[in-house]
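Across the two complexes that follow, chain A remains constant while its partner is chain B and subsequently chain C.
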Partner chain A sequence: MTVLHLLENIKHQQDASLTFRRSCRSGICGSCAMKINHLAKLACKTRAKAEAEKHGEILIEPMENMPLIKDLIVDMSPFWREIDRNTPWLVWDEATRDSNRENLLTNEQQYISGKVADCIMCGCCFSDCVSRVFDKNFNGPASLAKIHRFVADPRDKEGAKRVHGLVEMGLWSCTHCYFCWSQCPRDVRPVAAISALRVLSMRSLDPSQGARHVQAFIDSVKKTGMLNEATLYLRTMRTATLKDLDLILKMALKRKAPSPFRRPLPRIEEVRSLFHLCKETAEK
Partner chain B sequence: MPIILLEVGNGFSMVKHDVVVVGAGLAGLRAAIEAKEKGADIAVLSKLHPARSHSDQAQGGINASLGEDDSWEKHAFDTVKGSDYLADQDAVEFMCKDAPRAIIELERWGALFSRTTTGRLAQRPFGGAGFPRTCFAADKTGHVLQTTIYEQAVRGEVQVYEEWFATSLVVEDNVCKGLIAIDIVTGEVQAIETNAVILAAGGAGQVYSRTTNSLSTTGDGIAMAYNAGVPIEDMEFVQFHPTSLFGSNILISEGARGEGGYLVNVQGQRFMEKYAPDKMELAPRDIVSRAIETEIREGRGFEGGYVHLDLRHLGEAKINERLPTIRELAIYFAGVDPVKEPIAIQPAQHYTMGGVATNFDGAASIKGLYAAGECACVSVHGANRLGGNSLLDTIVFGKRAGAKAAEFAKAASAISFPQTALKAERERIELMLNRKEGVKASAIKEALGNTMFVKVGIFRHKRELETAKKNIAALKKQFQNVCVMDSSRRFNTSLIEALEVGFGLDLAEVIVACALARKESRGAHSRVDYPKRDDNKWLKHTMAVRTATGPRLFYKPVTITQFQPEARGY
Partner chain C sequence: MKYAYYPGCVAKSSAPELYDSTSLVAEKLGIELIELTAASCCGAGAVNEANPFLNVLLNARTFSMAENLGLNILTICSTCQGVMGQVKWQLNSDPALMARTNEALSKINMKYEGRVQIKHLLWALIDDFGLSKLEGQVSRPLRGLKVAPFYGCYILRPPETLQFDDHENPTSLDQLITVLGAESVHYEGETKCCGFPILFVQRETAFDMAATYLNNAKQSGADLLVTPCPLCHISLDTYQGKSVKRKETEINLPVVHLSQLVGLALGVEPEKLGFSKHMVSTARVLRESLQLPL
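After this line comes the complex of A and B, so read on.
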């Protein structure tokens, strides 16, 4: 028996006014997302007994980060608005409109896009997204994952260009809490897509603030084995006001930031070899 | 996109468009994209968000003769033979010729089809096909296509009225002038004025207790047409899918057999060798479902009433690559890992071959009304649909209906929408909402589903059909006194469920009437008391029209072009 079965029984036997969405009952349509014992899940894919045994009760609530309409039904328009901010379709080559041959593509080339295309737009990741609670401009896991689906598709005419402008949509707001991975009923792993988009953002010719921040982090640790927060700040922001310089000075005085002329740590080569190893592994 | 309501006096507000599509699955959205491209002011109205549509549930694939040695004629022949010669062959030819174009278009729009090692579209064998011509996206083809087509509809700025439930068509002097719908969120009953309506609201699976269909697949579109006096066609032909999970009836794709799965009875025998020695497990669905049901009835099923679908010999790698959803569904909903154990399966209702009678322009018999997809009966599926042909039907005839409806709407003169229709519908719904006691819709639905599965199922007999007729008449009477049990206006899903049950009762009555009248066995309609196909008397389509005393039946000849009816062996 699933949580959806329970809800249907309550509706049909006890209280007809109990309101929730449902349709396919097999975990594919994405209608019945709701909070079950504090985490967003599909009611049709959640076994009632297991929930009750694990938590001693089955607490059912509407999803978060979206306004409530009634009982377990939320207004999902914030979720869809975020999806719609990003050209959520494959930009195909209209010159080939009348072509009678398909694009040649291997299963391997489609693998990443296919993983994200499993997304059923249920909203579980959006509901449980911690960053979205604090940053209403954050595009959200499903939407960013969908961008990666197109970026990774060789047929898309926009391709890597889609990464521009993502900073304004909060690409760097994700805190890597991994709830979007753990709560996804289709194993889409949005956080992995977000990481991939960040890598692309770093490689782009005009790196964004977030990308510069990460690069400054790497350079500082590679060079001295330590994080120099003063240079980190300057390199991230690119410009500094008098107020910023004041802050940096205070940081130095309080020994929060090492001197820019400080020598590297004694066994710096070990730190650098770690970077080297990471790079090699990633390239593989 | 904001919804524009026009004030028309008397407190009425009205939505107005050239063309309105009911249903946002593959057929509906494909129609909308096409009509929009043709310049029509179009809107889609759906009781669900488009991403929730039942098209999403399709698993196995979509047919097109792309192979070097394949041809549209072979595809057409397989389709006609699969239909037990009841399909209209001109329509079948149109569909099979258009199939390669339609699939390449979806690929260009971004559909992630499974590929061959050379990067072409991969194709798998499917039931009743003489050639591996089923393109697929692992075992989630419907989801991939629905996502793709929804993306392109967003790109085309197709306006969607999400969570609006259409309750009736407004027809006057044989012209469709619009429809009445409930905005589910507010509970407001609204009139929608339009030159053309395209019904694309899917099949009627939920009139059966055992079905692979979504809870939302309740035949609304077919019933609305029927209630408006439009003929509906071949409703006795109901497809039972051979392999649904025992108990929950969640679909296990034909792809599982296409990839080489075996059907095995309690004696460990691959029993299909008795029923279809050549095609074995890949015989058409009507034949495989009857075989499973026969094994169970004759005591060779497992206790409780099921047989085994065995995939173990395919190996874990192939199952993961080609059938990942099947593995997941079996583990999740049946507690069985198909890599290690066979899956317990039983047949369940799966597809409505009948529907709103249309020609292959999608046009129904009244002006301004079109239908496409499972909701329509063109007829390309006749008495039995081949797997992989329903997705094809939706995109080929969806596009066609969209184009034709747009053309019609542009040429149509201004219509006068009868305001009395809205008033009458508002009163009917108010009455249902305010009734303090009566029978619950869910109880009627359960009784109806059981009657239909037991008495109007895989095998049929006059005696049982007569009982079903009586049961349904009694349930219809109860329904006159149906109690919604919730009188609120805002997002009242109990009201929607009650209206859906009302539609189901109307369609069940028609299914039984048509099944009683057809004294032969053809395709999915299997009469124990008339076990032979009878081309002399019954090579014709059943048409049903609503009258005050129930459905009136008449018949329409089958269009035959190049394939003369012959014995159907596999």
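After this line comes the complex of A and C, so read on.
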């Protein structure tokens, strides 16, 4: 018996006013997303017995990050608004499009964009996104994954240009909490798509604080093989470092303020060789 | 028990108490740690966002070092655990990537064969050492101490790449806390993000995350919070004063490393374990709950 069966039994036998969305009962339509024992899931794919055995109860709540309408139904407008923020459809590149035949992707191209193409827009990732709870400007995992789906599609005219403007939509606000990976009923793994978008943003010389942070990290590892917390902090925060002077002083008194001077690792030349190899590969 | 020890960057920089307390715990339990002194940073997810293949290579190089020693890797940082676990999963499930990686590693005369296991200290204590054996070594049971476990992200998710605890209903930290004689308390947020990954980018958002979960832990009656991740420790301890200030509240919840809590129960003196190194003082809780001076 699934949690959806359970809810239907309650509705039919105990309380006809109980309200929830459902349609396909097969994990395809994404309608019955709700929080089951604190995590967003599809009720039709979730076994009631397994939940009860694992948690000792089955706590059912409406999804988070969206306003409640009634019982288990939320207003998904915030979710759709974020999806709509960046042209969520294929913009054909007419220069390369062959109008006399179907323009198919290769298997490899399909694999790259295919994971996100499996998204059923259920909202589970949006509901469980920790960043979205605290930052309403973050457009959420599904929206960013959708953008990557078209960036990775060679038929799309916009392509990598879609990355421009993503910083304002919260490209660097994702914390990598991986809830969007673990809770996606279709294994879309939006966080991986977000990482891929960040790679592209770095390549297009993104000047934002997020990109600066990653670059400082990379430079530190290249120089010494290790993370230099002090230089990472200074290069990311710049003048905002002043906000934490009290903290830095307190850490120094406790002899735990990271030193900006760090000796390279033994065998650092191996690490540098790997950097060089990757640079060569990227250039090819 | 013998491991190729990978302490990670933070334990050797801004969290020396984590490094020191791990050494003391290992010594007490007879766990031999062969430190991989030439291993590089795992990339902490940041390298992957500039160059995913470099992220794979740096970690595969570390795996190769451990394989050469014929040992599994022991980590004391959830972030290192998460990143290395994910790279190992990628390599072991993608023969083409494995071949490409080994081709690159061959240029520095190294090879990764896919054998190494990567284990966080928490997992090693449960899986390899055994909780009942650990219980037998406890000389100072932490009775009366209410401990809030903070699992965070990288030791639980993504579940496919970690495959240890149940990511939906984790119990590993709770089991350890109980074996040490303390009481584990639950609160909303113990498996959420501490905010560290965006601390230097979206400072206010990170502060709000940390303050919310710290407050929840405090409200649940916790005397202190324990974390298996030094990055969570930075967010929850180092920046606690600043994050709770935004909420206009007073929390003062001490946050300690997993190895410190174990060391305490094994009878090591708090000072040696670095209990005085935290930004939020642990003196009151040690004095009032365990009658220990600091």
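What we mean here is this: the second predicted complex is superposed on the first by the 211 of 284 C-alpha atoms of A that agree within 3 Å, B and C clash if a C-alpha of one lies under 4 Å from a C-alpha of the other, contacts with A are read in each partner's own complex, and residues count from 1 in each chain.
The definition used in the following text is that a residue touches a chain if its C-beta (ideal position, glycine included) is under 8 Å from a C-beta of that chain, and two chains touch if they have at least 3 such contacts.
Just so it is clear, the structure is predicted and the values come from calculations on it, not from any experiment.
Participant: Using the superposition on chain A described above, determine whether A:A95 touches chain B (first), chain C (second), both, or neither.
Facilitator: In the superposed model, A:A95 contacts neither chain B nor chain C.
Participant: Which chain, chain B or chain C, is in touch with more residues of chain A?
Facilitator: C
Participant: Tell me which partner A:M251 touches in the superposition: chain B (first), chain C (second), both or neither.
Facilitator: Touch partner of A:M251: chain C, not chain B.
Participant: Just to be sure I read the superposition right, which of the two partners does A:I218 touch: chain B = first, chain C = second, or both, or neither?
Facilitator: After superposing on A, A:I218 lies in contact with chain C but is clear of chain B.
Participant: Can A:L105 be said to touch chain B (first), chain C (second), both, or neither?
Facilitator: first
Participant: For chain A, what residues appear in both contact lists, the one with chain B and the one with chain C?
Facilitator: On chain A, no residue contacts both chain B in one structure and chain C in the other.
Participant: Can you tell me which positions in chain A touch chain B when the two form their complex?
Facilitator: Residues 11-12, 16-17, 19-31, 45, 69-70, 73, 76, 80, 84, 88-90, 92-93, 96-97, 99-107, 110, 113-114, 117-118, 120-121, 150, 153, 155-156 of chain A touch chain B in their complex.
Participant: Any idea which chain C residues touch chain A in the complex?
Facilitator: 9-10, 12-17, 37-41, 43-54, 57-58, 61, 104, 107-108, 110, 153-154, 156-159, 166-169, 192-193, 195-198, 200-202, 205-206, 208-209, 212, 238-239, 241-242, 276-277, 279
Participant: In the complex formed with chain C, which residues of chain A make contact?
Facilitator: Result: residues 37, 39, 54-55, 130-131, 134-135, 172-179, 181-182, 189, 195, 198-199, 202, 209-210, 213-215, 217-218, 220-221, 225-229, 232-233, 236-237, 244, 247, 250-251, 254-259, 262, 265-267, 270-271, 273-275, 277-278, 281-282 of chain A touch chain C.
Participant: Using the touch definition from the top, list the residues of chain B that touch chain A in their complex.
Facilitator: Per the touch definition, chain B meets chain A at residues 48-49, 51-54, 56-57, 100-101, 103-104, 107-110, 112-115, 117-121, 137, 140, 143-144, 147-148, 151-152, 154-155, 185, 214-216, 248, 250-251, 325, 328-329, 332-333, 440, 442-443, 484-486, 488, 490-494.
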